[in-house]
Amino acid sequence: MDEVKRIEIIASSSELGKILNALDATGVRGYAVTRNVTGKGLSGNTEDLDFTMLDNVYIVVFCNPELLQTLVANISPLLNKFGGTCYVTDAQEIHSVQRVS
Amino acid sequence: MDEVKRIEIIASSSELGKILNALDATGVRGYAVTRNVTGKGLSGNTEDLDFTMLDNVYIVVFCNPELLQTLVANISPLLNKFGGTCYVTDAQEIHSVQRVS
Amino acid sequence: MDEVKRIEIIASSSELGKILNALDATGVRGYAVTRNVTGKGLSGNTEDLDFTMLDNVYIVVFCNPELLQTLVANISPLLNKFGGTCYVTDAQEIHSVQRVS
Amino acid sequence: MDVSLIISNILNPPILFFFLGMTAVFVKSDLEIPAPIPKLFSLYLLFAIGFKGGVELVKSGISQDVGLTLLAAILMACFVPVYTFFILKIKLGNYDAAAIAATYGSISAVTFITASAFLTELDIAFDGFMVAALALMESPAIIVGLILVNLFGASRDQDFKWSEVFREAFLNSSVFLLVGSLLIGVATGEHGWEVLEPFTQGLFYGVLTFFLLDMGLVAARRIKDLQKTGIFLIGFAILIPIVNAGLGLGIAKFLDMSPGNALLFAVLCASASYIAVPAAMRMTVPEANPSLYVSTALAVTFPFNIIVGIPLYLAGIELLWS
Amino acid sequence: MDVSLIISNILNPPILFFFLGMTAVFVKSDLEIPAPIPKLFSLYLLFAIGFKGGVELVKSGISQDVGLTLLAAILMACFVPVYTFFILKIKLGNYDAAAIAATYGSISAVTFITASAFLTELDIAFDGFMVAALALMESPAIIVGLILVNLFGASRDQDFKWSEVFREAFLNSSVFLLVGSLLIGVATGEHGWEVLEPFTQGLFYGVLTFFLLDMGLVAARRIKDLQKTGIFLIGFAILIPIVNAGLGLGIAKFLDMSPGNALLFAVLCASASYIAVPAAMRMTVPEANPSLYVSTALAVTFPFNIIVGIPLYLAGIELLWS
Amino acid sequence: MDVSLIISNILNPPILFFFLGMTAVFVKSDLEIPAPIPKLFSLYLLFAIGFKGGVELVKSGISQDVGLTLLAAILMACFVPVYTFFILKIKLGNYDAAAIAATYGSISAVTFITASAFLTELDIAFDGFMVAALALMESPAIIVGLILVNLFGASRDQDFKWSEVFREAFLNSSVFLLVGSLLIGVATGEHGWEVLEPFTQGLFYGVLTFFLLDMGLVAARRIKDLQKTGIFLIGFAILIPIVNAGLGLGIAKFLDMSPGNALLFAVLCASASYIAVPAAMRMTVPEANPSLYVSTALAVTFPFNIIVGIPLYLAGIELLWS
């Protein structure tokens, strides 16, 4: 089991394209996206969901710890400008055919 | 990067209102809610989903570690009464305009 | 608060049945499943979502640390064969009526 | 005769698609109607049946007959949970008994809708105000169930609020949408009907058919729960509907209802709630086990009523009314 | 007369279901239309109105009148955000003022659709090319809003791309689907209409009704945001539509539009965007507070227009045109 | 003549909306049909086409012709994967070759439905039993594909269960719903048809149109995968449908099918599965690369068939049958 970083990003669905581009630029091997996430944050409640197209997306990325710095550098400007949050946790990868670390 | 607590709550969607009220009372700055989560727990399978309106919600809260005690004290009675689970992980916040810690 | 392991599995929705069977065989007490998760991984992008029935599921399991070895042994062959990823994090359970640890 | 009615009932698309859904689960097909499509369909059905009922109510007017029927409906909705509670207590604890009793005191809108489609097929008339009976019978059982819990249950913690219970009973989404649509039907009358007709009438049978396909899937998945439920509850879930339908027919005969109205009244008495009441019980009697009250209503009583019950009660009517 | 028009407007199913939705939130019912059903309905409405407009456009042909109407539509869509920007700056910062101004310069397709349903009820004719006006008025305000920000805003970071702004303005899903359906309507004409009619025409009124139920829920949930918004913006959200409708009626009279077209033109001027523009502003003016521009458009201007505005503007037309 | 058929085909709303969907992706509009709406539409289309086919099957009865057509359908569904497998092996490994071969041996229900809508437009008759051919051609290729993998693949691990393969082939949701609806159509006949008609017939064309809009989005998004796929597979995805349609027409001529039935038969042979087979291959041949078999079927063969193929095959029929 290798050490990896688990990065969670919650942001408006309209930012999704920009964020995924930034992730691809960082060189992460994969990510998972859940849509239609509601919530509360600095920019208020997002109860209208897809009605006003202001629903959130929830992105999880597992990556090699060495990529973390670049990833944060790529993502932070987007979140600072358009809103959204980002958190990092330590995790371990179960060895499988595919490995991020 | 500041240390924060990551709290996950999985519970019946009918409890959502009560849980969010409890979170707001605790003073957390934000949360994210995913709906239509199925699963298995003490109260059995929840395969019918929205059909019988017994689907689950998945709530994630990142908060200042100092709020953890109050949060647990506010949420536990609800989960004990109506069912649901709550877990805590350590995480780090990426500095952005908005900060919970 | 007891120490538990938080296991995340992201895989194609067509594997869901097999994975849940494996989890049940391990003896875990519960799990939560989110559907319609898109993403990118070894097997490419999954943008078509439910259209081509190749959408992902996101499974979270909290379990007693002692179950981890068996769980990994049960799940790994499935992921190696059909694709998907699995990560482990340390977490703590908030005492409630129900406890996995 | 009975059997020929059953067969003509079974050979309807909605019932056949219900079987198709059950079959899908039994043969392990991966057929599923993804959320929230079933919810959309159930909102649509409540909207359409409520609106149509309202429009017809305004046409027929509110006579003494109507008043008596509605009164009888409310009384049955209060009486059924009380008497079944004591039967259920033979084998079950107070919480489970009260929750199941409430389930059977309330009604299933889809059973009612299936019965009305069956009547339409057979060209038997019924009145729009029966939808008002449907609406009125949904809530009382929830209140009665809770009174029973408080009378017989162990001393419960006192952070329990009656205002919340009343909200669950009278303002849950099913009751609210049904009553709201009914009132809007009354307000807009014939004119509103015409503009909405292709939507509320044209699609009705098709949506019902599709919805029953999903009901078949859900009911069949619940069948494995019945093992834990035990033979007592399965028997209860078949016999009590017959008894309640019998009581309903007696009252209908006494009030001199038309055969169509009598069937719908019997079906209301016989049916059990698998959406509104379970959701309410989950919040107000969390001590009760949901799989008991959901599975009996959904996997036994619902299929029994739409397959055997409806034609059976109609056969009873043919006997009594002729 | 005014009041009788309001009442006849209110007694329509769509408006009544809008009220029902609002009521559900006020009495704390758990009624909700789960995502993505509202999105399906809004896609359907754009598809149906666009397609129908295209079919009728090809029937009526493109005359000079049509050209003048469309030109006037574009001019109003550019003028409204400019003048409202300066009014808004009295109380608000540049970013919020520009975002709200853009919102009111653009239009609300559902308000337009509700107005056209109202006209159909009253048997007042209107032309298919008004849908083209609807389509043309959606985007310009986004561009104008951004120009205002760049002229008056503090020096912004320069990683801002006009190509992206144009994409947000002209290729956002509402504009794209509406224009695309219109063009397909033009291409397939009467023949395409016939095959699609049960879908695009038959269901139209019903889907609109259901959608307004959800709009009622969403609008009512937004009402609590108005406390933060303050009295200035609430006044703005009621008065500016009236002023804009007045301007629109003046232009319509000047161009000698038919009463039906004049109403639709006034409604376009009076309405504010709560989907396309907010989505665009969120990306292009992230400094502005979304709850300000979404809530005023959704919780004040939209209900005002569909309940009071539409019959009010029609009363104005009866006065001016007779 | 050929070209005029292509143009009259292209000027239909479903095809135009398919282009609109593709355009949306190319110009980077954010238009999307959110999940699970596409799934609802595809369930609806299978339900409607199956039910209609069943009703018509019972009207026409089962003659020797019907039997021969169905037999030919099954044979083609077994033959196509075998011969294409050997062509594909020229450039690809065993797993990929088998998975793609299975894809092309099976069928696409939406292509069939588009062809039948095209026939209806042109007033060319076809028989209800062709839906049975559609149903019968879906599964065999999955089984054949797996036999090929086991004959030619490297020794695979033996935890492979034929029972699961059969379930994937015959009980996957598309096949199950189509066959179930067909049987229910047979059981309820003309009577069931009448009550369901506004739903299954009225909405059919509109839902198909909306669904093709989404197909356009999905197909266009897959086009970038074609770079990885390479020119060999793109050529395969265009030429093999033409060859298969040719074979189909030959058989149809030999069996003396009517022109309408012949077109549908050719379309079944020419089309490739992008839902049922990919889902089955993902589970039974996980070694194959999904983007190869999904993208060729979805981004090349499907658009080719509905735009060029259908009118082309019809032109062939006009030549051969006259």
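First chain written, first letter: the chains are A, B, C, D, E and F, and each begins at residue 1.
One rule holds in what follows: a contact is a pair of C-beta atoms (placed from the backbone, for glycine too) under 8 Å apart; a residue touches a chain by one contact, two chains touch by 3 or more.
Since this is a predicted model, take the numbers as computed values, not measurements.
Path length between subunit B and subunit F in the chain contact graph, taken as the least number of steps between touching chains: 2.
With centres computed as the average of Cα coordinates, no chain lies farther from subunit C than E. With centres taken as mean Cα positions, subunit F sits 34 Å from subunit C.
Look at where the CA atoms of subunit C average out and do the same for subunit E: the two points lie 45 Å apart. One inter-chain figure worth recording: subunit A and subunit B are separated by 19 Å, centre to centre, where each centre is the mean of the chain's CA atoms.
Here the spacing of subunit D and subunit E, counted between their Cα centres, is 41 Å.
Touching of two or more other chains is recorded for residues 34-36, 39, 198, 202-203 of subunit F.
Shared interface positions of subunit B, defined as residues touching 2 or more other chains, are 14, 34-36, 50, 83, 89-90.
Within the complex, the subunit E residues that touch subunit A are 35-36, 38-39, 42, 214, 218, 221-222, 225, 274-275, 278-279, 282-283, 286, 289-291, 294, 298. Against subunit C, the residues of subunit B that register as touching in their complex are 8, 10, 34, 36-42, 56, 58, 72, 75-76, 79-80, 83-90.
Of all the residues in subunit E, the ones that touch subunit D in their complex are 11-13, 16-17, 20, 23-24, 27-35, 37, 121, 198, 202-203, 205-207, 209-210. By the touch rule above, subunit B contacts subunit A in their complex via residues 1, 4, 6, 20, 29-35, 60, 62, 89-98, 100. Across the complex, subunit D is touched by residues 35-36, 39-40, 43-44, 47, 51, 167, 171-173, 176-177, 180-181, 184, 187-188, 192, 195-196, 198-200, 202-203 of subunit F.
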